[in-house]
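Can you keep this structure in mind? I'll have questions shortly.
In this document, chain identifiers A, B and C correspond to the written order of the chains, with residue numbering beginning at 1 in each.
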Amino acid sequence: MSNTASITERERISPPSVAPGKGRIILNVLGGLSVVGKASLSYLVLIYLFVLVAPLFLAHSPTDTDPLSVTLPASGQHWLGTDELGRDELARIVSGGRITLMVGLAAMALAVVLGGLLGSIAGFFGGKTEYVIMRLVDMMLSIPSFFLILIEITSFGNSPPVVIVAVGFTYWPQMARIVHAEVMKWRDSSLVEAETTLGAGPWRILFRHVVPQTYSSIIVLATLGIGWAILAESGLSYLGLGIQPPLASWGNMLQQSQNYIWTAPVLAVYPGVFILLTVLSYSLLGEALRDVLDPKLKR
Amino acid sequence: MGKKLMEIRDLKTYFQTKNALIRAVDGIDLDVEEGQIVCIVGESGSGKSVTSLSIMRLLPGPKGRITSGEVRFEGKDLSKLSEKEMDAVRGDRISMIFQEPMTALNPVMKVGKQIEEVLLRHRKVTKSEAKSKAIETLRFVGVPRAEHIVNEYPHQLSGGMRQRVMIAMAMVCEPRLLIADEPTTALDVTIQIQVLELMKKMRDERKTSIILITHDLGVVAEMADHVVVMYAGQVVESTGADAIFEKPMHPYTQALLASIPSLEEDKEVLYSIPGTVPSAGAFPKGCRFADRCSSAQPSCTEEMPELREVLPEHFVRCALVPNGGAA
Amino acid sequence: MSRYLVVRVSQGLLTLLLVSILTFFLINLAPGGPSAIMNFQSTAEQREALTKQLGLDKPVVQRYAEWLGGAVQGDLGNSLDSKQPVGELLAERFPNTVILSAATLIFTLMIGIPLGVLAAVKRGSWIDRLITFMSTFGMAIPEFWLGILLIIFFAVIHPILPISGMMTAGSDFSLVDLIKHLALPMFTLSILMLPNIVRFTRSAMVDVISLDYVRTAKAKGLGAYRVFFQHALRNALVPIAAIVGLIVPILLGGSVVVENVFGWPGMGRLAVQAATNRDYTVVMGVTILVGAIVIVTNILTDLIYTVLDPRIRYE
């Protein structure tokens, strides 16, 4: 078979989703989002820009303590006031946000890679590989996720990379289960058969042709999952098991603020509001994406 | 001629969907006399089931509603009653039985309780009185071992038994009117006959009027005192049972009758009506049957014919049938 | 039926065994392993002594076998921190977690099921949209933050409720006192679960409401309350029971956080203290207990199905 023939053949069989340019697809999806979805996405873009860019303009460092100006109210000098050690609260929110948001993203990236890889291998190759992977998934899902994280923290300590791994490692079974189910639907499809006839190896078929079919599900689940990961990291840090002071995260800021609820209750408000808005935006965006990418699932 | 129990005048039930206004029932008139069995006949989509749901005010959701007309029953217009007043009528003065006894009974409630709760709702009775009345009613509808059956769940009964339970449930308060929507369609032939006999027994012994909705002309021949033929949301012919079978006048009725197998004539090919019922969202301007009618004239598609009394007590909606009826 | 139970219980025990293997090896094969629990201030001799005492010089498979041998007889080892037997610690804390969780579960079902029914009956109306939005909102609230806000409101601004512990120190047990202490943690924890219950009840009810027997109930003139609650909801309870089985793990995870916010002396606080001190025998014990609860819950859920739906019989 000549080379050109096989290329045209591939194009004919390839699913339509790869036909238009990738940029066009993204634009179509984003354009199809509901108003709520667009608003959530806008908030998320803004908050990421904010925590990344704001440090360049802020007058205060998040770590400079000042014993003479502790728990000050909001003022022109300190827009959100100062915390119990006299640190600028706004600077703390920005630097804590950077940690929290990045940990959420990184943990979900890990879950996507690990869950996607194992789930698609299990779904595509079947047999013993599938059995072993899916039993592992079942087992991990039978332990309530928070306890799984506790085990991981107990085993590995609590540096930021461990927190990322612990949170991501807890979410991968859910990702694997969805990807497994999706890939299984394609295992015996004509697409795979055609590609095999054309001489493509199984790995190539899996990653070039089958896995792209699961992108919609992965994107939706990952979007919802980032919100969950942020909640998990904040919870851990709040409990003193996640990000450790002096490094700020929205969760450990709340832990410290609980000691000052009598003198400076407002310190307990800011980080929580940001966590809430961010997690809410991820859930609403995830639901809006699901409506666009997979209308069948709409209830 | 008996006393009128129910008079329906110009009833219209429309469904508003995203794209269209569905005129499911489009201005029907219907009378039911005391102790009479009225059969409503028509193909699916003719609006016969929606008519029965409109009388009971059980139309699904906010989409379907009675747009105009009145349903006069025992001096009240049912279409104007509040939901609470309507609940006092349902199950007590008028009851209904449905096509699928399999799904129409609550699967997680004992059948006895499903009958008793109608009594407890509408009559001042104690629980034990309700229970003995339920057993008595089950016996009346021919359920053997009624005192055991009350403690069973619907899935433990056969289809015929379930439909008997439905009938017992519908008649336990001795309603004046029973509406039966295709009550025998889902049953075996032998059971069908028993259920029909039972409904006749209800009429004979309890003077219950019955509106029987069916597409089966055999059932009509067996049961009806009066027949109403519906097509595309309208009544096309309405008269006594004998007249329908002996002197059908509307071309649609004639076609329906021609399409039933007969034992006497050994016809080679069964007649079937060409085409389909027009969609209720887009009715033609003129006669709704015109494009399937073998005797249609060009004028038929121009103007909607009225429902006229061409002979005493014989109403037909066809421009081609002259008064006096010799078409 | 009894055969079915035997199968389910043995499956459960197998899962539990696998969970213990996973946990044990995760902890013991981690870089630094359990030896990392040893204080870096201790001397080399002290470390060696501790290693011997804990049996860390033995191969990990042998240590697991020994742990399992003990666990089967109810001996989960001793806490590395307090030196108390883990079983004793769990027995002391577990009932408190049960009180909090059970109260929360009952409270959540009592609020959540009617809200879900309401949303389903009024599907598409503003009430439905409000309830659905509130449940998305509820899912996004960090429960520890909600707890802190409640503390600020009920203790700092309007000091009417206690904010910590299970009962007032030094006083005798009284139910009123317990309920007062229970109020805030229970409410906080219920916000975590309410969205699940509401959404699931709504979708189960939406499925049921359009069914024929609900129309039959309406045709009997029973009135909205009996139609929706006695006929429709009674049938929707079967899928709702399934979600209760699924949310018990969420409840247990959430109680870890909430117990710490409100100083509730339950298993969750024990677990966090243990994790902070890297007291791995205690963490292991808690995990096994939690796994067992989840398994038992699943079996119970299956049994509840048979009560709720006479058509379900296990052979």
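General observations
By definition in this document, a contact is a pair of C-beta atoms (placed from the backbone, for glycine too) under 8 Å apart; a residue touches a chain by one contact, two chains touch by 3 or more.
Predicted model only: the values in this text are computed from it and were never measured.
Both subunit B and subunit C are touched by no common chain. Among the chains in view, C has its Cα centre nearest the centre of the complete protein Cα set.
Centres computed as Cα averages put subunit B at a distance of 54 Å from subunit C. Per-chain Cα centroids separate subunit A from subunit B by 58 Å. Separating the CA-averaged centres of subunit A and subunit C is a span of 24 Å. Within the complex formed with subunit C, the residues of subunit A that make contact are 135, 138-140, 142-147, 150-157, 227, 231, 234-235, 238-241, 251, 254, 257-258, 261-262, 265, 268-269, 271-272, 275-276, 279-280, 283-284, 287, 299.
Chain contact summary for the complex, subunit C toward subunit B: residues 124, 210-213, 215-224, 226, 231, 234-235, 308-311.
In the complex of the two chains, the subunit C residues touching subunit A come out as 15, 18-19, 22-23, 26-27, 30-32, 36, 136-137, 139-145, 148-149, 151-152, 155-156, 203, 206, 249-250, 252-254, 256-257, 260-261, 271-272, 274-276, 278-280, 283-284, 286-287, 290-291, 294-295. The touching residues of subunit B, when paired with subunit C in their complex, are 56, 58, 60, 62, 83-84, 86-92, 95-96, 98, 100, 103-109, 117-118, 121-122, 153, 155, 166, 169.
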